[in-house]
Amino acid sequence: MFRLKQSFTIMFSDCDPAKIMFYPRYFQWFDRASQQIFNEVGLPWNETWAQYDMGGFPLVDASASFKAPARMDETVQMETWIDEWRGRTFVVKHVVSRDGEILVEGQEIRVWAVHDASRPAGIRAAEIPEEIKAKFEV
Amino acid sequence: MFRLKQSFTIMFSDCDPAKIMFYPRYFQWFDRASQQIFNEVGLPWNETWAQYDMGGFPLVDASASFKAPARMDETVQMETWIDEWRGRTFVVKHVVSRDGEILVEGQEIRVWAVHDASRPAGIRAAEIPEEIKAKFEV
Amino acid sequence: MFRLKQSFTIMFSDCDPAKIMFYPRYFQWFDRASQQIFNEVGLPWNETWAQYDMGGFPLVDASASFKAPARMDETVQMETWIDEWRGRTFVVKHVVSRDGEILVEGQEIRVWAVHDASRPAGIRAAEIPEEIKAKFEV
Amino acid sequence: MFRLKQSFTIMFSDCDPAKIMFYPRYFQWFDRASQQIFNEVGLPWNETWAQYDMGGFPLVDASASFKAPARMDETVQMETWIDEWRGRTFVVKHVVSRDGEILVEGQEIRVWAVHDASRPAGIRAAEIPEEIKAKFEV
């Protein structure tokens, strides 16, 4: 499975008055990384959504477990990958670490949502096409 | 247990290009609400941290389950309360709903963290004082 | 001219590691307040944009002058109004104060932008209708 | 004068419901870039503030002029430099462009603020040391 590895320096603007990374910021990182893995395997969100008549990859669930704080000027690493395909949903894992020590373990469960004008939300979950899954096999 | 009930109008700035509330924003709401419940029972964070020589209420875990999206101009309600005291941690629940329909169920697990210069992080978890818990009994 | 007066408590999540309101947050407040004044006079953005075939109120210019910092737990007031109609643009002013002391003076210049498929951006500036201006006269 | 050149891909999370970069995001970029230029010349904020007994680089003024929008998946360039030293303040310029077309011109005026317990804000503006200015000469 394709894995995205990134490195970040914790900036002033990432931190809260306790001088550690403000926790909702991690979820912003997760959202970006979930977009980036699709970019990296040649499936930009906008193009993919247009091609499959989709309303995006809405979240069903998001969670994070915080082991240790990250502080300004520290460099941290983040690894992101699709951990599981579950029919109409998929699980994205994000692990933030600092020199091998895990700081945060995050997970997003996202839906493959296609347009359906007959539904109140205008979308419905659909089976994830095999050719999409194949793109992440490396 | 004290419960905070709030009402929000979803604004342009809350929404993403899919025109629904951007999911990390919910965690920003959760963080604010977790501060507000302490304010409401007479325990402002700054004063409480100073009084008990604390480094704050760092997160151990945060999660949200998304049932339905919220759109711009919709009015939603959020209810927040401490659901459980667990010795050195406590669980804050947040439920966002729209006219009785639950949109998001969120949970934060936070630590009662006191200063301890002998630890690498400068803090350690400590037992939550009884008089603090008592403040939330109503 | 209609004026919106709001009051805010500065929260942990508003503040940066210097323990004052993180300055880009003020621009988020400005954006929300610029939407709220339209809501308050009966011109919600979504409805107005649909009615006039618009692409929104994009910014031409935004600025803020910072006189004094706001700190966590302080209560501040913000006043917002349209200060000037300039044909195809309009000027929104925002003044944040604390007990009469001005902390921040902000200004946004926004365009009345209608759809125009012949333009690269898909929109063009148009004259602001008189009936819109009239709504803000109170 | 040292110039920082960066490149960004506009992400889903950068954009608002109008599907363009949400304008307050630019000010977040500016803040980060203003920190990065100090990092790049060997003056990390935390170390510099400790060395000179400072309360940071608070803003006096921030402004941006928006020429054209940036959309999701576009790659943009940003150039950042200190444009002027003004005794106790300095001017940071930020120019965002796309393939040579300027999208946004931004400016921050920041103070060299040292601790001064006799002042209400706990800080006062001081002359910027010559050795600091010299670091940016390249």
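Every chain is named by a letter (A, B, C and D) in the order it is written, and numbering of its residues begins at 1.
In this text, contacts are C-beta pairs under 8 Å (C-beta built on N, C-alpha and C of every residue); 3 or more make two chains touch, one makes a residue touch a chain.
Computed from a predicted structure; not experimentally measured.
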Shared chain contacts [chain B and chain C, defined touch]: A, D
Copies chain A and chain C touch via same or different residues, half shared test: same
Whole-Å gap separating chain A and chain D, where each centre is the average of the chain's CA atoms: 28
Distance from chain D to chain B - Cα centre to Cα centre, in angstrom: 32
Whole-Å gap between the CA centroids of chain A and chain B: 23
Interface hub residues of chain A, defined as touching at least two other chains: 12-13, 22, 24, 28, 31, 72
Contact graph of the chains (line, ring, star, complete, other): complete
Residue ranges of chain C touching chain A (in the complex, touch as defined): 12-13, 15-17, 19, 22, 24, 72
Complex interface listing, chain D residues touching chain A: 9, 11-13, 28, 31-32, 35-36, 39, 44-46, 72-73
Residue ranges of chain C touching chain D (in the complex, touch as defined): 18, 20, 22-25, 27-28, 30-31, 55-56, 58-66, 68-69, 121
